[in-house]
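Chain nomenclature is as follows: A, B, C, D and E, assigned in order of appearance, with residue numbering initiated at 1 for each chain independently.
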Amino acid sequence: MDQTQSATETSLSIKGLQLSFGAVQVLKDVNMDIRQGEFIVLLGGSGSGKSTILNCIAGLLDVSDGQIFINGRNVTWDEPKDRGIGMVFQSYALYPQMSVRGNLAFGLKNARLPRDEIAKRIGRAAGILQIEDYLDRKPAALSGGQRQRVAIGRALVRDVDLFLFDEPLSNLDAKLRAELRVEIKRLHETLGNTMVYVTHDQIEAMTLADRIALLRDGVIQQFASPEEIYRKPVNLYVAGFIGSPSMNFISGEIAGGQFRFNGRAINLDRYDGAPRDGVAILGIRPEHTDFDTGSSEAGIEAIVELQEHMGAESIIYLRLDGQRFALRTPDDTHYPEGTRLSLSFDIARASLFDPQSELRL
Amino acid sequence: MDQTQSATETSLSIKGLQLSFGAVQVLKDVNMDIRQGEFIVLLGGSGSGKSTILNCIAGLLDVSDGQIFINGRNVTWDEPKDRGIGMVFQSYALYPQMSVRGNLAFGLKNARLPRDEIAKRIGRAAGILQIEDYLDRKPAALSGGQRQRVAIGRALVRDVDLFLFDEPLSNLDAKLRAELRVEIKRLHETLGNTMVYVTHDQIEAMTLADRIALLRDGVIQQFASPEEIYRKPVNLYVAGFIGSPSMNFISGEIAGGQFRFNGRAINLDRYDGAPRDGVAILGIRPEHTDFDTGSSEAGIEAIVELQEHMGAESIIYLRLDGQRFALRTPDDTHYPEGTRLSLSFDIARASLFDPQSELRL
Amino acid sequence: EEVEVTHWWTSGGEAAAVAEFAKAFDATGNKWVDGAIAGSGSTARPVMVSRITGGDPMGATQFNHGQQAQELVEAGLMRSLENVASEDGWRDIVHPSSILESCEIDGEIYCVPVNIHSQLWLWLSNDAFEKAGIEVPADWNAFVEAAPALREAGIQPLVIGQQPWQASLVLQNVVAAIAGPEIYAKIFNEKDVEAVNGPEMEKAFAALETARELAAGSNVQEWNQATTMVINGEAGGQVMGDWAQGEFAVAEKVAGEDYTCLPGLGLADIVSTGGDAFYFPAIEDPEITAAQEELARVMISPEAQVAFNLKKGSMPVRGDVDLDAANDCMRKGLDILANGTVVDGLDQVLSADAGNQLADLMIQFFNQPDMSVDDVKEGLIGILEYDS
Amino acid sequence: MIYGTLIVVALYYLVPLYVMVMTSLKGLPEIRLGNIFSPPVEATFQPWVKAWAEACTGLNCDGLQRGFWNSVRITVPSVLLSILIASINGYALANWKFKGAEFFFAVLMIGAFIPYQVMIYPMVILLRELGLYGSLTGLVLVHTVFGMPILTLLFRNYFATLPDELFKAARVDGTGFWGIYFRIMLPLSLPIFVVAVILQVTGIWNDFLFGVVYTKPEYYPMTVQLNNIVNTTTGVREYNVNMAATILTGLVPLLIYFVSGRLFVRGIAAGAVKG
Amino acid sequence: MAKANGSGRPSRLFRNLNAKIAAIPMILTAMVVFVGFSLWTVVYSFTKSGLLPRLDFVGLIQYERLWSNTKWLISIQNLVVFGACMLIFSFVIGFVLACLLDQKIRFEGVFRTILLYPFALSFVVTGVVWQWILNPDFGFQSIVRAAGWESFTFDPLNNGKIVMFGVVIAALWQGTGFVMVLLLAGLRGIDEEIWKATRIDGVPAWKTYLFVIVPMLRPVFVTALVIVTAGIVKVYDLVVAQTNGGPGISSEVPAKYVYDQMFLNQNLGQGFAASTMMLVTVAIIIIPWAYLEFGGRKRG
């Protein structure tokens, strides 16, 4: 991680964060430096500690150890309201008996802001989020997407630099999720403030993030841009977690600049990394596999088991040496079960892993 | 719909089905003929009546009017158990106090099947679904995917010809959903029985269905194969509903074999349909738009607003004549905001609609 | 034969009295099955009525004399004892005869009266007066005069519990003793509204007001708590029925020495004839019917009468038995019963409804110093009018 | 601060219990001397023995013990029957909605507010006509009827929270009305059953009015015996015996509370709250 | 192909037959007991029934007497006082206690049990105990006096003006725990995230409770309100055991009035008239509520 930035540039900085619930250590030495205006996604499976980190940043949980700086100020022990954050929750957590306006105003009234200031801020937020038309409705009379927008609005009116989102879209249906995802992205570009966004949906992570922090059991596995995480996962876990269908893994060994398995050999010349000889696992994404048009590679042949057509593309599930192997292609041709296909791998975009340490080579 | 099949070939036939809850008519004259072994998906937005149709087929709701035939037999007023159906629910609906085995056996015991027959069937279902290892666990001790499999198993042991699924995957997370989707597809191929599957997820619909019945407000809009629905949506609603991001719509008019808008003209020679002159809406999918390499088309230029990278592909949101226009490309190059791109449409895969009737031309 | 007898006599003395009946009845070869229900008539009576109307009658049951059971009789739910009564000549032996008349409906006798309770007594604590340094008063007027001295000595002159019927007793006393038995009969027996406004009643009402003054500050609920105050010399006197005697007896106080009893407020030799009676629900079973008759005979027999009333502290319903063991106060009562004036108890002449309304009226009067005598008059007239 | 408040409140709640226990352990002279809050100088269990086995009502001097067994004989079948019927009602209302069901239910709910006094008399007539007056069966019936509104509400609300799909699955599996009730719903309703049992046990055990009106002395429940003992007016009230009798009477419901208080709160959360 | 059987639409009456059979006890109870008995009572309230119900109609006389009867008026007044105090205090105290217990405190179970145990006792027990504690001669008052404050006076049960408060104290002791448990259960059902949202918004705890939580608990409050109100209207045992209407008639309540009229005064007609008045009052309060709760809203 970049340690050289000056304090003013850093919007949020987490140092040696630890947290235990009783005997269970949920967060183990989490470190993060987030620049002003970055969109950070915390990604990970259920129970990996995403919400816990977010709650620590917000001050809703007391940390066991470590420090949290927001805009260079140590806020580790500040009250949530004094940290200069806004937060959006999965269940929206709107106050059900107040109108939308009331929801937006509630926090501001408590901060004893003058009336016209409150009105101004609500007006602005409502404008940005296009919720002017139903400012006087109760949350119960709103659709899921509208509620989500109000929840964002509540963070917006606080006029803060740091936004925290805890799975804000996971209660919505797929279509709406896709739409709101774009809106949040756009909002970030409009506002330009720092956002920390928790999700377990990799599509959200990939599309929204400037950088993704991929968590597992309270430990950050990789903290990098989506492209890097996608192209160069640091370990097997990350490789398997990102991508749908998952990356295909083939066990074999490296020798003489070639990856060998089941009597076949693939040239590693174009591989982006430093492979060393010995046993290894080759990871290749479904979309980085293609039908072998020429015959440049050793004949990797596989048998079609099933094909999923998804309109714009299709996924072919194959059997390769007795193992399932997925292939993704924009081609919509139907291959009946049992068809033999020969494959080629785009080795420049493949990954090799050490079976012991599980780290990328 | 095919009206000529003989009764034995028809697995399920719905004739003039109507259903009202009090004054609200939820289903309006639904007709469907489903062949033996077909995989039918009922697709539609929330509240469109999908579950209602399924419940009518299962006998869990009393129809207001119309008839339901299963394997040629009028079952409109039969008890659910006598209809020869198996059903799988969204929330799994496993009996929490019984073990997996107990769950599978429950219906069979009710039907007073002999013990060894029950054991045989459970053995077979467990084998197919690979749940042998936890037959003696309670549902609470199973993961979401395992529970879903048990729920399917409960339908399986009933040894019936018709399976009904009500959003069986929507409680699962994206990854598991993708995996189980494939499994259900495989199961269908193994068993070969008729399946009626409710979902609001178009990916599921596209990948699983032999035919999709797309519902809106209790009326079937289109009942056709996924390819046909995708390629040739019968009306604007279907066109907009299927595909993510949605189809792009451009208003203009047809004249002299050309679609004209904002001073540009696109040749309709390759269009698959019968356009007539007059105002029309052109629908073009994001994935059927490409960067204009040559200059064969009239210069359609658009400005990049936002790009979503999703690993294997990216979606570019453009502004075209002041309207949002989405483009999907396997290319991962980053186009910064404001870039000007010139586009070409694959008119063979486009659709034209009458703005009044909203029907495809 | 087993006969279930329900009653609400549950306190020590009462239970002992009932035991006398039970003993006597068991001696006839039958069996007394005791069905006591505590909590006085208000709890017990609905149960009894419910059971009789509900078709699960007991063998015999206690009611107060008078109108309480009349409707049951009219509904044919009670058996007539006329054959027993005329055979044994109850009409000759029961004294005063008004007691038996209360059991008579359409010329037939339906109940066995077992005792007479006079409500018209003033009980005085000799101790209290001694402490105040004055003589024990001989009548109401003297008592009123002594009151200031009692107050001075920190003694409550007159104690009245907060149960409404206790307040009603005071009214009965002043009407009978001050306005006189004739007026009493006119008002309560004949419901003569005119009499309420008569001159005699003026005096009675004045006495009532005085009583309210004397009772001011008395702060107990139940009648026996009030009696206890008299026993302990914390209060000068209490207006109460003769059952108060039981309390004095339990506290081992001696009439004449420790306490003084004044019938008719000491102004007139007068007793009232409230009391208890047993009724016998109509039951098909001839064996039970026979046992019921047996029980009725036992209850009115001289031996049982003596044994029962001695324990109960009440007077027997027949004039031909002698209570040698009776104490001072009871003697007085018996003498008056034999020679003096007898008025009917309110239970005999008023409906329960009217009786309780009267009690409610009186307790309000005693609790509200600003309530005038005229209000009482008005209320009393209203009650009498509805009841007639 | 929180604890301080809670402890003060808890003390207020405990005082009566403390007073009851202390008083019941004192001898009569000590009570007359004094302070109801002071612990007994000389603890004696005599009042307890007396309350349980010796206190008299009229001529019967066997204390509360007879009433105890009567109470058991009344409570057990009443609780079982009322819960059975109410749970079936709730189940029918929640899962098998039929025309008019909601109307009857609304009537039932309004019925919950009618003072029992209104019902006493007609009930006597009804029981008489059924030939059940004065029998244990009659009393059980009365308890069942008057427990029905609140219990039905509880069960209906609870069953409504169980997923509808479970019910549908069972129907597809060929289970009928009763099968679903006994084999699917009942096993899932433990929390609400606990609530119902607690409410009914305490309600029926503590009932006085019905016990005294609809039975005869040989069936009098413990509360009636208690009333007999407490309300017997002799010169000196035996407060110690009264208190002992009071505690003894309250013991069964108290025990049930202490044992299953946890489940009670959970069950309330499951059934009552989601109106 | 279609077989003839099974195609006909079965009669409406026999759909859900089992459910209807199972609901018979409920229907009978509702119609015979609650509706039938109430009607019976109303009819007989126009008669001059004494000890036994008799159909000799006397018009509205019973009602005239009722409303000119001081005891009845006092009863109504007392019920209003009692009801108002009970509702206010049991909800305020119950809610405060529920909030305290909801603070993830230790020994929650112990506190909860202590606060709830009186609910397990009968009103008779409660009445007796509080009569004993409030007795001025050896109860609370005497203790305070013995401690040196000679002029201290707190004898609600002996003072007609404040006796209802004595009853309220006992009733609160018994009933608040239940309200608390209901509300506690409601609090437990509130989304954690709402709390977080208010903390981010910087809303003080008391404001959160008042403006956010209380409105969210509305359904629970309604349930509790129904239960408590039903209890208030019916209050009888407690008064009988604790004061028996005294001192004098200053703690009479309608249910007791009804009972006394019917069984003590042997004036069923009057009792029926009084209970009809109670029925009418209850109906006026309840029917709109029941309509809203069960009629208007259909469960999805």
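To be clear about the criterion, a residue touches a chain if its C-beta (ideal position, glycine included) is under 8 Å from a C-beta of that chain, and two chains touch if they have at least 3 such contacts.
By chain, with names taken from UniProt: A, B = ABC transporter ATP-binding protein; D = Carbohydrate ABC transporter permease; E = Sugar ABC transporter permease.
What you are looking at is a predicted structure, and each value in this text was computed from that prediction instead of being measured.
Student: Treat touching chains as neighbours: how many steps, at the fewest, connect subunit A to subunit E?
Tutor: Between subunit A and subunit E, the shortest chain-hopping route counts 1.
Student: By mean C-alpha position, what chain is farthest away from subunit A?
Tutor: C
Student: What chain pair shows the greatest number of contacts?
Tutor: Ranked by C-beta contact count, first place goes to D-E.
Student: How many Å are there between the centre of subunit A and the centre of subunit D, using C-alpha atoms for each centre?
Tutor: 56
Student: Roughly how many whole angstrom separate the Cα centroids of subunit D and subunit E?
Tutor: Computed from C-alpha means, the inter-chain centre distance equals 16 Å.
Student: Using CA atom averages as chain centres, what separation in Å is found between subunit B and subunit E?
Tutor: Result: the chain centres lie 54 Å from each other.
Student: Counting only Cα atoms for the centres, state how far subunit C is from subunit D in Å.
Tutor: 38
Student: Residues of subunit D that contact two or more other chains, please.
Tutor: Those would be 120, 227, 230.
Student: Residue numbers in subunit C touching 2 or more other chains?
Tutor: 46, 53
Student: Residues of subunit E that contact two or more other chains, please.
Tutor: Residues 15, 259, 262.
Student: Which of the residues in subunit A come into contact with subunit B in the complex?
Tutor: 46, 173-175, 178, 181-182, 185-186, 189, 200-203, 206-207, 226-227, 230, 242-246, 285-287, 305-306, 308-313, 317, 328, 330, 332, 337
Student: Mind pulling up the subunit E residues that touch subunit C in the complex?
Tutor: 50-52, 65, 69-71, 136, 155, 157-158, 160, 243-244, 246-250, 259-267, 270
Student: Which of the residues in subunit E come into contact with subunit D in the complex?
Tutor: Going by the criterion above, the answer is residues 12, 15-16, 18-20, 22-23, 25-27, 29-38, 40-41, 53, 97, 100-101, 103, 105, 109, 111-126, 128-130, 132-133, 138-139, 142-143, 146, 173, 177, 181-182, 184-186, 188-189, 219-220, 222-223, 226-227, 229-230, 233-234, 236-237, 254-255, 258-259, 262, 268, 271-272, 275, 278-279, 282-283, 285-287, 290-291, 293-295, 299.
Student: Residues of subunit A touching subunit E in their complex?
Tutor: The touching residues are 55, 58-60, 79-82, 85-87, 89-93, 95-98, 106-107, 110-111, 154, 158, 166.
Student: In their shared complex, at which residues does subunit C touch subunit E?
Tutor: Interface residues on subunit C, with respect to subunit E: 41-42, 45-46, 49, 53, 68-72, 75, 162-164, 167, 219, 221, 351-353, 355-357, 360-361, 363-364, 366-367, 386.
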